[in-house]
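Quick heads-up: structures coming right below.
In the two complexes that follow, chain A is the common piece, with chain B as its partner first and chain C second.
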Partner chain A sequence: MRWHTVSGMTDRSGVSLLLARYGTALALVVLLAFNFAVTPNFATWQTLNVNLTQVSTIVIVAVGMTLVIATGGIDLSVGSLMAISGALAPMIFLGNLVGIGGIPVAVAVAMFVAVAATTLLGAFNGWLIARYRIQPIVATLVLYIAGRGIAQVMTNGNLQVFKLPEFQWIGLSRPFGIPAQVIVMLFIVTLAAWMLARTNFGRQLLAIGGNERAARLSGIATGRIKIAVYAISGALAGLAGLVVIAINSASDANLVGMGMELDAIAAVAVGGTLLSGGRATIIGTLLGALVIQLVRYTLLANGVPDAAALVCKAAIIIGAVWLQERGRTA
Partner chain B sequence: MRRKTNWGQMLASYGVVLALAALILFGSLRYENFLGSFNILSVLRYNSMFALISLGMCFVIMTGGIDLSVGSVAALGSVVAAYASPYGLLPGLAAGVAAGMLAGTLNGLIITRLKIMPFITTLAMMLAASGTALLLARNQSVAVSYATAFTELGQGNLLGLPVPALIGAFAYLVGSVVLNLTSSGRAVLAIGGSEDASRMMGLPVERITFLVYLASGGLAGLAGVILAAQFGAGQPIEGVGWELFAIAAVVVGGTLLTGGAGSVVTTLAGVLLLGVVFNILNFENGKGWISLSAYWQSVIRGLFLLAVVLLQAHLTHRVAGGPTVADTTDSLQP
Partner chain C sequence: MSSPVLSMQSINKTFGGIAALTDASLQVEPGEIHALIGQNGAGKSTLIKVLTGYHQRTSGEVTFEGRAFEAASPRAAQEAGISTIYQEINLVPQRSVAENICLGREMRRFGLLDWPGMRAEARRLLARFKLSIDVDQPLSQLSTATQQMVAIARAVGFSARLVIMDEPTSSLDDREAQVLFTVIRGLKAEGISVLFVSHKLDELYQVCDRVTIMRDGRTVQVSRIDETDKLTLVSTMLGRDVARTEGRTTGFGAPSRAPGEIVLRANGLSDGRHVRRVDLEMAEGEIVGLTGLLGSGRSETARLIFGDTQTLSGTMSVAARPYHPSQPADAIRAGMGFCTEDRKIEGIVPDMSVADNMMLALRPTLGRSGIVDEARYRQIVTHFIAALGIKCTGPSQKIRELSGGNQQKVLLARWLAMSPRLLILDEPTRGIDVGAKDEIQRLIRSLANDGLAVLMISSELEEVVEGADRVFVLREGLSVADLPRDGLTEAAVLSAMAHGVGHD
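And then the complex of A and B:
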């Protein structure tokens, strides 16, 4: 309704459209070029690894967020779900909850249970939204508030410290010189991009975001798809929680995943996914997260305080979304 | 579109008042000093900050928008107020509120001029205000001046009542009058009901929307002033999660997030409900029967929110029979 075609802007529409579509990629290129020219020691394997390592958990969560937003929803609970999986896994593999013989078995059980738990909680979000037609922002607010509390109650707010290579490979190992979580991230991005573009499930979730009633009338099981999408978001949040605690060699329920929901939403927004649903791009989300990360890195590497980087991040989010809106109006 | 008045609707709207009354009754029967003036006054004093941001949030949500920036704007307000506190009570107050209004102005301009969704705009403002607060405060808390009367705004009493609670009460009085007795108030509800229809009716949609975000920013700044005055320091990292507390309070208060309907009074009841839950938890621990850590409070608040939301969904589906929540899922759109 809003985005009428405005005559008189047609001559500029080419540029606007290009900026809207490829603005994120362009921003990334500009940032890279700037850094190559200005930032000392930028063109090193280590810089690449540092940035990719830092961005990987955000991307993993943001992929789930992209799918949720594609259906016209939002998931505020991801950070709290990360805290839950981050609290649960060490309790199992440290034997605080149940004693399991053999470290590899305990680790496997711990990782499985942690991700399964957040998947179920994600499905619970979806169930509230599909069954009771509660708005996503409210439905996921429940677990945003209660979820971190659950993680804190489980651990009594204590730090769980561990040193366990059998588990921490997910955050610390480097097969072929590439950090493991970056490989996990790339795998998830590829899988999700393929799923969104090529599978029925992907098309159906976009249809729901585009026009839910039409989707339902055309025979799509909207409820089931929504539950699945929120379950995926929960699963990815759980996985990201494991990566975070593996990197830190410790799990702090008060901190794991704090503010992650906003980082993920920002990455999705900057990446060009339509926030009202119906159109989504996983690659865009990856690029969006990379741009935000790289801006922060650029500022820090050039001596700008972290707080100023926050202000820049805000400007980037507004600028990116504004460009996209203009592209749509043109 | 007139909503039919019926019992289900009434329960959905005023259930929170009943729940609050029930909780207070439970507390007063179970704990000796629960209704003592010390407890009541400290609950009111502490929750006045949340009451202020929830009031702004209530208006924003009634227009169909959302303001995620209130927490960090409050933090910014507290830092600015702390810096201005050596000049006295009024300058401190004015500076904090002005900082909040500046943030609100930016929110309002971006939303109405650039047509960017409130959710994204205020998310960005949340980052920007937080960054600005940290920069101004140089990553530390900023001590307020005790040489002036500034701290009275948080710690003082007037006629035996805590000053912040009086400020909160006054704000809610004004809010209630604006919503119920002025054309602007009616316009807020009309815009939330249908922005397009409001525009066609000639309502100043942009101006009202702008004013609502301005007010929300100003109230968040005011909450920040009280924060600084109450705890003796401007706190740049405070306010994390406040926005979601405020949204929860508004929702618990029965205001639909889809906009178009809402009440200032029940929002206050929502704030107090969430506050009293915490208070009762403290008393329960004091009794020593059970020992629930403070961490339980967020679990219990979450469950409360869940119960209220399920009740609302149940009532609006079965009883109202009108448009359901799902039919208006576009609430997050500009």
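And then the complex of A and C:
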């Protein structure tokens, strides 16, 4: 009897450990299987592209968020930074700001300036956190609030509409039949996963999240790395902002990136990254975003209203965090 | 003789089967200032927490003012007349003195706060402590000592019969401490008893009447302080018989080489708080012991040397070149390593692998442009796992799954991989089982024999006496003795800790 209890317990903790590690992947497989069986026209190139297109901006931002969370921080400003980059780029390539020669040059300058601006703003977040030891949630709240305001002031609150293939390839073109932003997303995911596993920067940022005192005493420049991580998060948010306005053929500072910070955090959490820092998985974040997206698609495709889908999303997040805790204590 | 205000007899307390207090006792007379001393883990805090209702005792008798006493919570103890003042001041710095004093017991009139009443109450209370402060002033504008007085006034109120002070002087300078002592004597004059916990022996002689010494969860001695000399206090606290002679119990062994060139020299180091004037000198191949009672500034000195905190005054040189570290990275560049006292808080990154933990400091120097040279990496890690005999399932096992001794070896390897010339070890064998302890001590000696200079901080006397080639003793932030290996005895170290031999 006693023996039985003991072995039963080890089995259970083994299962919860496996669930914590591969739960997200498993959920994805279950969802796919369910859809293949139930949802009409699921197994089409069209469906795949729709889902990937919708998820790509979330994944791009969530990759930056994963790195930030890995250091034990959080970045609430990403949605507002998307609005800033989304407002800035059209102002340049539409010639409202400065007149620049040919269209391709103007587009290149616009994209560069927009992403550079959000990178700097991200670095500013990191600087507040590293230099003044402000809690990340408070430090990034500054730009969460002010950022969208800046974007609205820059555009006078006006909608910027454009039709410019030289720019919109990033959201609309399909090389080899794959949407461009999906290629961008996969490139960023691969690069970030490699960086986290193989470079000094990646290991050091994880060390900071795992034990900042130990990292500092080991000679790691904790401040510089934090600034860099928030700058990367800002850069990726800027890029995602460009993708969003390219898809919409318009930029509305009130709407671009609205609520993105929470979608990104949700993807990171569901993906299995430890929210307290020190353990992170980029692939997990990709899977997490896909699971959330697919649940929403499944419900919508089967006639469940969007409001109910939101409740399901919340349930998934709670489930994921619960599994994570179980896996940690087991 | 009047009956004691507090009597705790045969107190036992166990946490999950492990005894924290065994047959401990404490008796405080009315109007007495009673010192409670002991090493870390001796059971002082547990005993106080049992008294104040923070913990419930497993067994034992407590009487307070002649009646059986059992506090259900710290608040209940406070209401019964036992006030506790902690090291840190638990007040609201932005609010006024009056508000702080009346916090949690606000006076009301017609359902509104009675401000004039509260101000008058605060003034009356402060007057009892002979403090004349503007009660409308924000607390943060007062000096630390005055804030401390306000905290005491607030805690004592009008009803306390026993005041417990847990290291009340740790954040005060000498002059401020004297003001505090005046207040304490004032309490005594009113018949209020004080239980005074401190590691600064001189203070005990200044204010206390009697002393209770605890060790390993037991009360080992109770005596009048003016009949007890410092040496007895220290040796009783550490559980060392001064006259005792003994064989070797550690794994160090004798040095096989003479000390070489001077590696580090420090003169008059001060951090303005815990370290006041520390001089040190270390040579190649030498194990230098740094010791002193708790709060003497041992670990703080190590932090200054490693650049983790900044020196206020004093100079250092490494290999005869001036050395001013402003961050640990500077110390590492100068060839130093530092294994901290608390492995969990400052050493290991629990979620990372043995390999990643070991390579935390060395990694940036491996491979080109920030990309890790995996082959070299693995080679170094497997080398150290074998060389130090680290017991793990492999380089990728999480470090938190290892035993304390093996974690410590990984942290040692973190620095050894850097080929340092100076290694600072703060309590290198604390919390490690006997076998691993012996192994680590042997390793430290063999590293020194290979030319490494080792600064070993230890509160275990035998580790210092048997392991070190030279011992510096600190007392209240001052270097008080520099003892050579020849003729190094526990008695000599104890005496320096207590009296400060060689101190002018």
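Here, the second predicted complex is superposed on the first by the 321 of 330 C-alpha atoms of A that agree within 3 Å, B and C clash if a C-alpha of one lies under 4 Å from a C-alpha of the other, contacts with A are read in each partner's own complex, and residues count from 1 in each chain.
Methods note: contacts are C-beta pairs under 8 Å (C-beta built on N, C-alpha and C of every residue); 3 or more make two chains touch, one makes a residue touch a chain.
None of the values given here were measured: they were computed from a predicted structure.
*Asks:* Does chain B (first) or chain C (second) touch A:Ala108, or do both, or does neither?
*Replies:* A:Ala108: touches no partner chain.
*Asks:* State whether chain B or chain C is in contact with more residues of chain A in the superposed arrangement.
*Replies:* B
*Asks:* Quick one: classify A:Val153 as touching chain B (first), chain C (second), both or neither.
*Replies:* first
*Asks:* For A:Trp322, decide between first (touching chain B), second (touching chain C), both and neither.
*Replies:* first
*Asks:* Under the contact definition given at the top, report the residues of chain A touching chain B in one complex and chain C in the other.
*Replies:* Touching chain B and chain C on chain A: residues 213.
*Asks:* Would you pull the chain B residues touching chain A in the complex into a rising list?
*Replies:* Spelled out, the residues of chain B in touch with chain A are 66, 68, 110, 114-117, 119-121, 123-128, 130-135, 139, 196, 240, 244-245, 247-248, 251, 257-258, 293, 295-303, 305-306, 309-310, 313-314, 317, 324-327, 329-334.
*Asks:* Show me the residue ranges of chain A that touch chain B in the complex, using the header's touch definition.
*Replies:* 1-2, 72, 74, 76, 128, 132-135, 137-139, 141-150, 152-153, 156-157, 212-213, 258-259, 262, 265-266, 269, 275-276, 305-311, 313-315, 317-318, 321-322, 325
*Asks:* Given the complex with chain A, which residues does chain C contribute to the contact?
*Replies:* It is residues 306, 308, 327-329, 332-333, 338, 340, 345-352, 356, 360-361, 363-364, 367, 370-372, 374, 414 of chain C that touch chain A.
*Asks:* Under the definition above, what is the set of chain A residues touching chain C in their complex?
*Replies:* Interface residues on the chain A side: 198-201, 203-204, 206-207, 210-211, 213-221, 274, 278-279.
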